[in-house]
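Input: structures, listed below.
Two complexes come next, and they have one chain in common, chain A, joined by chain B in the first and chain C in the second.
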Partner chain A sequence: MVNKNIIEFSGVSKQFRERSGETVNALQPSNLGVHEGEFFTLLGPSGCGKTTALRLMAGFIQPTAGEIKIEGKTMNNVPPYRRPVNMVFQDYALFPHLNVFENVAFGLKIKRMHKDEIRQRVYQSLEIVQLSGFETRRPGQLSGGQKQRVALARALVNQPAVLLLDEPLGALDLKLRRAMQLELKALQQQVGITFVYVTHDQEEALTMSDRIAVMSQGQILQVDTPINIYERPTTRFVADFVGETNFLNGKIEHIIPGELVKVMIGSNPVEVRHRSNGVRPGDQVTVAIRPEKLTLMPPVSRSEKLMATVAEVTYLGTDTRYIVEIPGGEKAAVRVQNTGINHAPIFHVGDQVTVSYDLDDAQILTS
Partner chain B sequence: MNKPQTSIFGSVYFVLMAIFLYLPIFILILFSFNDSTVLAFPLKGFTLDWYRQLGNARELLISARNSVWVGVLSSILAVALGSLAAIAMTKHHVPARNLFLSLASVPLVMPSIVLGVAMLVFFRKVLGLDLNMWLIAAAHVLISIPSTILIVMARLADFSANLEEAAMDLGANYWVTLIKVTLPISFPALVAAFLTAFTTSFDEYAMTTLITGTDTTLPVYLYSLLRFPRRLPVAVAMGSIIMIVSALLVVLAEWLRRWGTARTPKEERV
Partner chain C sequence: MRDETSLNPPVSIKDGRGGIEKKLTGIPRKSQLALLVAPSALWLIILLVLPLITMIGLSFQKSAFGPGSDVFTFASYLNFWQNSAYQGLLGKSLWISLVVAVMSIVLAYPVAYFLAFHAGDKQGMLLNILIIPAWTSFLLRVLAWRLILGSNGLLNTFLIWLGVIQEPISGLFYSVNAVIITLVYIWIPFAALPIYVALLRIEPGLLEAASDLGARPWQGFFKVTLPLSIPGVLAAFLYVFIPTVGEYVTPALVGGPNGLMIGNIIWDQFMRGLDWPMGATLSLIVMLIVLLPLMFIAKAAQQTGLFGGKSE
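Presenting the complex of A and B:
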């Protein structure tokens, strides 16, 4: 492999014991490799284990089983203060009794660095986060966005091998969050440090990440680039969690290896590009396809395409969203951009339409 | 914006309440300047004599000094022990945590006369010690500890555990985190706990009188003065001074507590 893993999980799991005595599997045995220098995101709904994974990397909790390596060294039982990582907390966790300069200098002072060097590095990292001149302010005098920058500077000033970020933009309003997303991404490229970023916001993950790990119920379901996570989800959960997807249940009719798979959706034969995921004729499967990949046309006579009836039309300004009903009861959402000639909805409730799509845009899911 | 209406009834009620609470104290201060050994109206004339006599009342001054010594010593110990207990209660897993907290709070509800008898029996009969100032201080630690634990615990529970994790993440081990983050943030609470413990100790009479040997504390000495009517105004003068100093201390403690809270804005806790 070309990419060196800076963080490696081998069979790492974490169980918590509840007060009632029940054990909760916060993280199922997982393997994971974070590449050096990448922007890696752990994405999932709350309670999916993403924060547990991050806290295992930081060393605030110890794995129940498995091995965690950072920069090739085993980190099991290494306390947080001896790990080459730093964290940016969701609530910033700035020290209220220290001013901005002292907050940022905290880690360097503990390392007993020379005063002049501390000064120089603190000023430099405050400059990177564009907070020069705020050195003597107290955290209580800063806005949310400014606190966020101080927290970033305080972590980056230590030049960690990996920067861990626990939903750092969660408390900011939407507009500021969008701006900070781009800024964080630019910052990561500027400093070249590996970022491990935790979020439940799929849009944020797609915008910022080099690679995303989608998690659910303590399991890592898929690790891939944003494009592949969106275009080629391997499980129903990933397809559903990241963006909107139509799921059409059907049965495999026949397969032309390397070419296409024919699936019966109700009484409609549907074709999907064959990718080797071990399906066989007769299997019950789900065909997943994004609403914006479907197009609607007036009915054509010779059709091996999907015939449907328009059930719902919603005008959304830039797009029109249709719900179409396929004979047999399945429903699908279709998103059509209102461009050029399609400046207004061109189909109406009750219209017969043909639904078409590119073979490569549909995906067969087994689970 | 609606300003709440101040009703006449409310104002009258408040004034009556204030008179009821503060008139006796005011009268005491008034009598400390009255040129008579009898504490009764009509007032005879203005004098600073009683305050002057204070300077010569050797035993009174010694007992005052004793009280300050016992108060400072017992408060330092109570804050130290109370803070350690509070840290254990809030930051660590303690088995039988609630049982411990209830036990530590017993002195709050136990009549101090009962505590005094228990102490006396324990010190004299069980340990076979002669009564002295150290034992009074030890007994005062016991009655001050519940309030110090509760005050420091409230502060520790108030700030996010993330702050300590952040310190560890930045390279601080347990002790460095305690010294550089936990204690500085709790400092206003430590001072407030100290002042509360000090006033508790300084006021204590019922228990202290039972375990007093040859050295007395101020409240015990003042009470004994009541047997000598001619010396009574001196005790009143001393009482007035204590009253004003205590009031100032309470205001200071409250101000410190608010100052500490104000330094942790709500939004930061999340």
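Presenting the complex of A and C:
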């Protein structure tokens, strides 16, 4: 599949001047390509620059430096009303003086489309978001979920090249949010429009996206598929922000190129699959590994295994969470599913255990 | 409406030593509410309701004093019905008020718009500058316009100095125009404030949404900003229109014989003609004519959800 970029950032940065005269780098110089037809998510904590990036795409703000291209055309200094994108706002921004039909028809009326066509397209897009029959309601008479659908219909009816969504599910309760996540994803596949979605919810990002850009402090740290973002985070921030991760600090003892890297965590040797990320023996590094990738076994007296002591046991129903202490002071969380015969916690506080894992599941992080 | 207390049952706790209950709701009880409302209610009854009843009674009397004060008659109302001078003056007053209200709004809107959207951190200062003139005496401000509009006033002198005109324009002063110009000047801050408040309430996100949906700035203004500021515009209209209909100081000072309004005639009835029943009758008619349509407008506005869209 050829991935054509529908949105392209080349060295785009944005600085804001605060009232105090201080300049804030909302977005560091960034390169980014959003592929045509994909569900692309900008993920990060508040203040990381994800909304700034989205507003740069919409044209509400102009970049301090760099070039923004949409469908191959330079968008610098092109106002929002001339861009082939539409936005679903965080607080919906529905026009309170217009009813649902008029809200959805807003963009088409501006384009002076024929009345019959407006009617047909508005009804069609209300049908897509399952709000047929709500045409004459005012926004004030709708629930949060319904407003969200109207906002979606109002944007989609214009058939934009890219739909921008700014935390559209943020105001909904958890249950509705889960349902809407699946619905949005299905809708995106149905209409085939590129979605750029902003969220701080990592679960939401993993569920819906084709690709995710993780951002922090105005920087785009990693752009990859949900699986790679979760399984192969390249920075400590990404590993920490997306899901739970154990970070074990140690020193590289030796490397067998293409095979494995041996890292000493305290006095314990830990082995990690070697991937070429420029580490050398003697480097101080962090080994990252997810709690669910670790398993506990009764102690085996073999020097190559990681030995630990159970410090905490928490029974969580479907699984059990252990905190184990590795000699030398490092602690690690371990999640064990309560399946089969191991239907209840089998280790207790103070037990000696052997911690094992698949070589490929551990990652070496340099930053 | 259901009883306040049944909607919010007061939560109470007993302290261990027994007996003392503390109300935790913070909602005053009905008796407490009545106590709070009492002073203003009394004030309104003495200064609004009682005078109004007196006026209604007075309008049906033959005369205010002497033997005629006991005679019930429709004479004053009949007099209004038959006298086209009264009707003409009332019509003119309504017309002047309409022109003043519309002009005040047209001139105040840009001021309010600038204050709300473009004044930045100078908003507070500019707002004060707008309001400060209203602190000086109303009379002084009206009189100031005599100095500007008079035959030897500032405006004429300036225009002659420029060479635009050779002789003073006489129509400026002691005319309906002078009344309108002066009143518009006085009302602009009062018209600007409710519009300003209505504009402030508009979420900036709505204009971004309009722009995002293809609306140029002017289209965004006419399709979003203006419709959403209508409650403020209506409030401004009422603020200006209602007091202007009964205005008599300004026409007396700058209006001349042609600039008189119904308020001047009512004043005459009480202070010069001593026909208090006629004065009372004219006052009540003005009140009804102004209030009825306004109540109708307010109700219609409420039903269309113009004020906050609470209607079902």
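The rule we apply is simple: the second predicted complex is superposed on the first by the 365 of 367 C-alpha atoms of A that agree within 3 Å, B and C clash if a C-alpha of one lies under 4 Å from a C-alpha of the other, contacts with A are read in each partner's own complex, and residues count from 1 in each chain.
FYI, contacts are C-beta pairs under 8 Å (C-beta built on N, C-alpha and C of every residue); 3 or more make two chains touch, one makes a residue touch a chain.
All of these numbers come straight from a predicted model, not from anything done at the bench.
J.: Sticking to the clash and touch definitions up top, decide whether chain B and chain C on chain A clash or fit.
T.: clash
J.: Touching A:19, do we find chain B (first), chain C (second), both, or neither?
T.: second
J.: Kindly classify A:144 by the partners it touches after superposition: chain B alone (first), chain C alone (second), both, or neither?
T.: It touches chain B, and chain C stays clear.
J.: Using the superposition on chain A described above, determine whether A:97 touches chain B (first), chain C (second), both, or neither.
T.: Both partners, chain B and chain C.
J.: Who does A:205 touch here: chain B (first), chain C (second), both, or neither?
T.: neither
J.: Does the superposition put A:80 against chain B (first), chain C (second), both, or neither?
T.: both
J.: Does chain B (first) or chain C (second) touch A:171, or do both, or does neither?
T.: In the superposition, A:171 touches chain B alone.
J.: Check the residue A:106 against both partner chains and state whether it touches chain B (first), chain C (second), both, or neither.
T.: both
J.: Do any residues of chain A touch both chain B and chain C, and if so, which are they?
T.: Shared contact residues on chain A: 58, 60, 79-81, 85-87, 89, 91, 93-97, 106-107, 110-111, 138-140, 154-155, 158.
J.: For the complex, give me every residue of chain C touching chain A.
T.: Listed in rising order, the residues are 121, 203, 205-206, 208-216, 219, 223-224, 227-228, 305-306, 308-310, 312.
J.: In their shared complex, at which residues does chain B touch chain A?
T.: Result: residues 159-160, 162-163, 165-173, 176, 180-181, 184-185, 187, 262-265, 267-270 of chain B touch chain A.
J.: Show me the residue ranges of chain A that touch chain B in the complex, using the header's touch definition.
T.: Per the stated touch rule, the residues are 58, 60, 79-81, 85-87, 89-97, 106-107, 110-111, 138-140, 144, 147, 154-155, 158, 171.
J.: Which chain A residues qualify as touching chain C in the complex?
T.: Residues in contact with chain C: 19, 58, 60, 79-81, 85-87, 89, 91, 93-97, 106-107, 110-111, 138-141, 154-155, 158.
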